[in-house]
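Below, chain A partners chain B and then partners chain C, in two separate complexes.
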Partner chain A sequence: MLGFKLALRNLVGAGLRTWLNVLVLSLSYVVIIYVNGMLHGWDIQAKVDMKNWEIGEGQYWCSGYDPLDPFTLQESHCAFPQEFMPMIQSGEVVPVLVSLASFYPEGRIQSIQLKGIPAGQDLIRIPTASLAGGEGEAIKAVVGRRMAKSNQLKVGDLVTARWRDRNGTFDATDVEIAAIFSCDVPSVDMGQIWIDLDQMQRMLGMPGEATLLIRGDKAPPDLTTAGWVEKDLKILLAEVDELIKTKSFASTVMAMILLALALLAVFDTQVLSIFRRQREIGTQIALGMTRWQVVRLFTLEGAMHAVLAAIVAALYGIPLLAMQARSGIPMPQSTDTMGFAIAEKIFPVYSSGLIVVTIIFILIAATVVSYLPARKISRLNPTEAIKGKIQ
Partner chain B sequence: MKNVITLNTRKTLITLLSLIILLPYLSISLLGQTPTAQQILERIDRNQSADSRIFTASMIIHAQRGERTMEMKIWSVGDQKSFTEYLAPAREKGTKMLKLADQLWMYSPSADRTIQISGHMLRQSVMGSDLSYEDMMDDQRLTDNYDAQVVGPDTLGGRDCWVLELRARSTDLAYQRRKMWIDRERYVPLKEELYAKSGKLLKQTLLSDVKLIDGRWFPTRVVYQDMLKLGGGTEFVIHEIRFNVPIAESTFNKSMLK
Partner chain C sequence: MKESIKIELRDLVKRFPMGTKEFTALKGLSFSVMGGEFAGLVGPSGSGKSTLLNIVGSLDSPSEGSALVLGRDIGRLSHAEAARLRNHHIGFIFQTYNLLPVYTAYENVEFPLLLLRMGSAERKKAVMEALEWVGLAEKVKSRPAQMSGGECQRVAIARAIVKHPELVLADEPTANLDADNSHHILKTMVKINRELGTTFLFATHDEKVIGYLRRIIRLSDGLLHSDNLVEPINGED
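Moving on to the complex of A and B:
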């Protein structure tokens, strides 16, 4: 306790030098917590959005289907498995049929994915209720905000779509844009048109067939059936995990550079302090303190920078980070079309684990860099030190 | 007297028999002058098919945002083998395409790579034109796959035509319905329309500048138009064509692409 008081008094006595170090170190606390909180918030938000809009609680894929390989789409349609029929009828499992098509907005040709989904489903948040009643001349369709923007589509617009049926025969019809939805998951939006499943099955000549089945939380996850491959959340969200991991690595490097600069300042302060306070060190040893007690005192003094920095960081960091957690961090518009799930605003999530780990990590790092120059004290000759001889 | 009667009867019989034998031919040439659709298609095939062809042509793409012209030389044997080399503009010069039956390869000199065009890539436009790669691959003989019937006469560009409607015999053809306008005198198609299953007009081809080359009538200007797209279509103009010229087998080798 005495050592603690002494260290605190010495630190405060050093004045501006101490507070500059503390300020830089406090920035490291805030930046590390901020960056990790933002990535954690993005991770949670992306996964929730993907579950709500695209993947549900898991999926079953028709064998051979690979969403990243359009070559597989032509053949990837399987009959609904009989075991799933009750769940499909109750809406706990939602079938989706996927096919390639050409779209002609404003007389331009564009390759798209045509997706058929039951009009009455409410498992994912695509506004499929708007697809009902498209039995007239034009098929009713819903598109995402990005698709609508890139093709200048409005609700009520009529656009021609052309596709090939299961026999390879060309067919074409007009599609009426019944609704435009806004979501943060580009993989259900960009280059895609959603129409009613029954209608699409008739168009393609594929009654009772689908490319994938989306599972809700009420449907058991371990159903297996011939011709269908189960894809759990771990597989379906692997892309988000990979992305966050990559981003996290880049952010960690940045935070570590900042922390290294702050620790370098602490290290320098320690070196200078030991150099300038040799007489004091010599006197302490002469008065009966062991060398290691003095080393401990100086190490504690250095480590106290981290404690003070934590207090200063809390003073300005808590209101700042809390405000951002409430109002969110706006993302640049260019991220909208990057192809991964990212909201217009990211709401950081600061877990207590993150805060505790950050404090402990910086405290240990500050202690280590304080101890390294203090080791010199153990080699000091107290008589020479009292005389003020440089050693 | 009896001999005279016998002679007259014999003459009448010979005349009747001759009429019975020649009736189908007379019905085409003298009575209705309308050959069957099948006969028309066979005459077109005879007029247009050749063992081999070598020709130079220009492809002019009339897009919404302007016009582009490409020069090319094409070697083909039957309807299964074809080799195309782009000669101009400088950006496309050296691009080569090889079609062997239902496979298509393309060499791009800028990337120095040969790629096989397949799957969804077949749906893409050839050099931004109104033709897709799969249109290029469509080489099935009409007489083998379609039931045709003459639906009436018409006049196109001042030429008398027969209008033929073709319905697919099987469900696995790209187009279930086609309509063709055939020059009655030269047996050359002057227009073709391709329809979707729903009846929507998808593509239109206009053929003109018909010339007599090596004893056959051949259209040297073809305008393809994707009817769902805006723009003036894609014009294909043949500058020089030679039929039944020997072409080395090595021309259709993948190694010729580089």
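Moving on to the complex of A and C:
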């Protein structure tokens, strides 16, 4: 307690020098918590959106299907497995048929993926209810906001689509844009047109077949059937995990640079203090402190920068970060083209673990950088120090 | 009442390394200081006064011989034991006051008591008493930068006596003070010596200080030149 009392007294007495260090160090707390909170929030949001809009609770892929290799699409269609039929009928598993097609918005040709999905499904949030009733001249389709924007599509537009059926024969028809949905998952939006599964199976000559099956949380995850490969969430979200890891590393580097600058300020202050305050150190020893008590006092002074910084950071950081957590962080429009799920706003999530770990980390770092120069005190000659002679 | 021996030096030698050679600052000093004395080590610069005072204050140790201070052999004390001796029994007054710059007068005087882990109420009482002794009770909140040299030295005296030490060591306490302030603080020290029985040992070559001493131990080139009991020229008003 005595050490704390004296250290606090010294810090408060040092005035502006202390508060400048504390302010810089407090920025480290806020930035580290902010950046990690934002990444955590992004991670959660991206995964939730991907589950809601694309992958459900897991998928089964027709063997050979590779979403990153368009050449696999022509052959990657398998008959619904019999053991899945009850779940497909109840909507707990949603089949999706994928095929390459060409699309002619305003006379321009564009390669797209045509995706067939049951009109009545509600497992993922694609507004497939709009696909119902497309038995007239044109096939009803829904597209995402990005797809509509890049092709200047609006609801009610008729666009020609051309595809090859299972025998390699080209066919074409008009597609009517029945709805435009807005979502944060570009992989269900960019270059894709969603139509009714039955319609698409008829167009391709592939009745009762699909490319992938989306599983809901009621469907058991460990069903195995010939020709279908299970893809769990770990695999399906691996890209998001990798991306967050990459972003997290870059942000951690930035935060560490800021922290290093703050710790350098503490270190410099300590080094300067030990040179500048040699007379004070000698006096403290003369008044009855042991050298190691003085070392501890100086180390504690440095460490208490981190404690004061945590308090200062709390004073302005809690309202600031809470406001950001409520209102979200707007993301630039250009992130639409990045190919992964980013909402228009990311809502940071600050876990208590993150806050505690950050505080402990900075506290330990500040203590270490304070102790290193303070060790010199143990070698000071007190009779010289009393006179203020630099040693 | 017979006073006990507070300081007993026997053939005290202190050598310092100087490049490849050694410099002998004290060359075999022997004398004693009794409790309640108001004595001074007097001599020119380089005579060994401060070196001797540092050894007596357990801030340094002898190269040869022995220095018994309050019954402890300084040469045999560990760092912690020496610190304990200073903390409990010795007060220091320095030429340059050596107040802790960020502390107020009150906090400076309080510092030795904090190290003694004295209770809050007892501490406050002792600090205020010490500040009243030196006539600075109204300056409790002033920091060293806000006080004159004389006031700073009076705070240093209060800090030295606040724990009622058996021994106060004063190294050139008036060197940075004008004549009026010098007499003021010396009279204060005489008063403390008389009323509290605190033993004072000065290191000085200031005639103003010498005028208050009751014993003058003259050092010259590390040797004891003379040791005389004297009638103070100045005394307590």
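Some notes on this structure:
The working rule: the second predicted complex is superposed on the first by the 389 of 391 C-alpha atoms of A that agree within 3 Å, B and C clash if a C-alpha of one lies under 4 Å from a C-alpha of the other, contacts with A are read in each partner's own complex, and residues count from 1 in each chain.
Here is the rule we go by: contacts are C-beta pairs under 8 Å (C-beta built on N, C-alpha and C of every residue); 3 or more make two chains touch, one makes a residue touch a chain.
Keep in mind it's a predicted model, so treat the numbers as computed, not measured.
Looking at the shared chain after the overlay, A:Arg9 reaches chain C, while chain B stays out of its contact range. After overlaying the two complexes on the shared chain, residue contacts for A:Ser351 are found with neither chain B nor chain C.
Within the superposed three-chain model, A:Pro382 lies in touch with chain C and out of touch with chain B [touch as defined at top].
Legend: residue contacts after superposition of the two complexes on their common chain; A:Ala286 is shown touching chain C, with no touch to chain B. In the superposition on chain A, A:Thr246 makes contact with neither chain B nor chain C. When the two complexes are superposed on chain A, none of the residues of chain A touches both chain B and chain C.
Put simply, chain C touches chain A in their complex at residues 50, 54, 57, 59-60, 79-80, 83-84, 86-88, 92, 94, 96, 98-103, 107, 111-112, 114-117, 159. Listed in rising order, the residues of chain A touching chain C in the complex are 2, 5-6, 9-10, 12-15, 279-280, 282-291, 293, 382-383, 386-388. Chain A contributes residues 70-71, 73-74, 100, 102, 104, 106-109, 111, 160, 162, 164-165, 167-173 to its touches with chain B in the complex. Interface residues of chain B facing chain A in the complex, by the touch rule stated above, are 64, 118-120, 123-125, 168, 171-176, 194, 196-198, 200, 202, 226, 228-231.
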